[in-house]
């Protein structure tokens, strides 16, 4: 065991040499896709099948969702305050929490632990009902037949990337009579690839950074600075004006 | 000179001993105000007059501004995404950029450099006009007679804390026939205290964190999760739906 | 009930008028301390006793801890990358998570729920032992007789601000034969003030912003840009250099 | 012109329909690479040549750099404080400032303005020397023959993606007798693609998020919580312990 403060198995750097999991970065640039590199970075080895390709499909599915996402809205306001691009993007990344992309972490954890323990869809639905909790990865407020989910699940099957985790996700959805949503589909697929659930949110963070950057630039180049919520959209329901005691 | 990677003159820590600029933290807790400690931390010595008290007034002036501030709005959306308190607050802090509190840095720099070089209000107004730039710290879109500014400037005078920097700020405002705004008043006062302009934004960040925390808690405890901009408030003006080429 | 998207009871803004919980900001600037305003903002009413003063003591206790804190270290590196002050501060605020100030939220929740339900120190210690979890707010790796804690607890008693939550915290510590740490002392005191536990981390975020700002300025003004961990402090333990398959 | 508060040309969302610049997201998932989508999002149209492929090469070049980067270090410390993945990643994104990836924005702006105005490499070198400023995108402290740069420039030429901006970058480097660094090579290539310089940092932010996520997960899964700089690496050079005045 090392006695340095820092340890990493991810990459190494020396003069004119950068290795990602042992591979020379210039070789990866020559021969691999971005999806492959994400797989390599997180798993430690290059994919043997079309995992890199389906990761790119996952990323393409989640780059942007117009203003209809708290992340994009947070970045727009941060950009409007006059902050550099990376900081405005970071404000939106912060918003990718438990209710916004976070379902990928929660659902991946659920699927991985359940497949490991042999829990069935019926067990899971029963347990969540008893705790009065929603199962992550199921249902969507707008997209009842989400074209992203349909495409991802179809390709996972075509490319032999669909395994027990995706199947369990689909079985849960079927029990609930709700569609598997985009978070649930991604969770099933990345879990079948062997991605530890701790990486779950990363599959949403990586692509959403594209949309966040584009919205930040659009805000700064098209709009006047310092935009904020309009007074007419705010109800104040605290105490009326008063004198100090 | 030290050969460690890190150097600091701000504080030191040993077993059961925390020193801020050399003073024992328990002594400061006993005898000083929060405003005093900010002064001590930034300047290295405790104030000799009422500088700590006017810093508290500055902080009280800037804790919150309802939803009418990009920072508060960014934090609200980040909180709505389901992120812990400190991360939601950070999203709002990021928004405190060049157009939102940033004027304190800009105006402090201008006042400090101008007082040092002997530049007059007339010189400064002329130079900014030629460059077609707005002078930071002057005018406000809503508050034409900002009660915060009036109070601060009056107290600075009462307490013998008004010096050449505040005077120069007021002279510029007078030339422009615009009021000195809250950023300009703060800039004059902290510059007269000898605060380096690099700290400028801190005088707004510190108090605004109070409002950001309160809005984050209010969002999470009063509203449903995952709120985003309404579709009816968005105009899409890009290409219409189209097939891939 | 309102039909606007936004609702707030915290503050209101109109032309030349800013009200915090109904009070005119200029009146608060004139008559209140920063600690009072934090109390007012979070609780909705001004304190009747010395709550504002003990909040200032809490803040003074937690402004800085040299480099021996992940928050300060994150801010130092963010500043070194060349980012404006507010963004560097935000990087450190993000680090104030479950293991770093987060104990105030956890411990406040525990104390508030336990006082409400009548759970005793013995019950709590037993429950945590069974779940093999550490009780938040107890023990410290460096400070065995933390001068901050001693001072805070003594003042809370002197000023009649010590109630059942602080007493329960002390009883738990006594059971564990560990000292109540600074997070635990703050938790007891703010809970006795009636602060909802959701605000817990805020009592650490607000003061730590002072230290974060000072470290960011110190980094930028004393050190060369783009500092990073030294290669000699890093052990790489991943795969050796290899060719692509 | 629209009278809604928000306007965007980037994407639109309706029930079961997400359009990116007018294209159905499921079609893009089927037929495009991640690099194509970044091009489409930022430029408004799909690439006609191998622009998407070289963008993926750019991304692969910049995912990680071990601990030898302020961004990675900031994320490590934020993760260690106990913050969720997206927030730890955001702390690192914030660090991607003027000295750390920021050169892509600065160099792209320089190349785009210079090509537009007809300024030559000799003009530019002279102007920067007179202002005693470093030209962004030139030289590297570790990588004198950066394999990433060599690969990128070679491919840009092979694929007919090298134009006047890359040529100008190379001419400046030649004048300075320094290598074009990775930031400079990226700047030349994305400028030749017609990417506005405001997007510059995005080409570094997008891939670095991969490394930041991996380091955050590695920190949390391999190391104990709350790690901070060691006291032995810190020199305190402020005032010695002292009594209050």
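To keep things simple, chains are lettered A, B, C and D as they appear, and every chain counts its residues starting from 1.
The working rule: a contact is a pair of C-beta atoms (placed from the backbone, for glycine too) under 8 Å apart; a residue touches a chain by one contact, two chains touch by 3 or more.
Since this is a predicted model, take the numbers as computed values, not measurements.
K.L.:
Need the most distant chain from chain D, centre defined as the mean of C-alpha atoms.
P.N.:
Between chain D and every other chain, the largest centroid distance is to C.
K.L.:
Pick out whichever of the two, B-C or A-B, is joined by more C-beta pairs in contact.
P.N.:
Contact tally favours B-C.
K.L.:
Would you kindly tell me how far, in whole Å, the mean C-alpha position of chain C lies from that of chain B?
P.N.:
20
K.L.:
Take the average of all CA coordinates in chain B, do the same for chain D, and state the distance between these two points in whole angstrom.
P.N.:
29
K.L.:
Can you work out the whole-Å distance between the CA centroids of chain A and chain B?
P.N.:
For chain A versus chain B, the centre distance works out to 34 Å.
K.L.:
Find every residue in chain B that makes contact with two or more other chains and list them.
P.N.:
Within chain B, the residues that touch at least two other chains are 5-13, 17, 24, 28, 32, 66-68, 83-84, 86-87, 90-91, 94-98, 101-102, 227, 229, 231, 233-234, 236.
K.L.:
Work through the pairs of chains, note which ones touch, and then classify the graph as line, ring, star, complete or other.
P.N.:
Complete.
K.L.:
What residues of chain B sit close enough to touch chain A in their complex?
P.N.:
Against chain A, chain B makes touches at 66-75, 77-78, 80-84, 87-88, 90-92, 94-102, 225-229, 231, 233-234, 236.
K.L.:
Chain B touches which residues of chain C in the complex?
P.N.:
5-18, 20, 24-26, 28-30, 32-35, 37-38, 41-42, 56-57, 59-61, 63-68, 76, 84-87, 89-91, 93-98, 101-102, 105, 142-148, 150-152, 155, 196, 198-202, 205-207, 209-211, 213-215, 217-218, 220-223, 227, 230
K.L.:
Residue numbers of chain B touching chain D in their complex, please.
P.N.:
Checking each residue of chain B against chain D gives 2, 4-13, 17, 19, 21-24, 27-28, 31-32, 44, 46, 83-84, 86-87, 90, 94, 229, 231-245.
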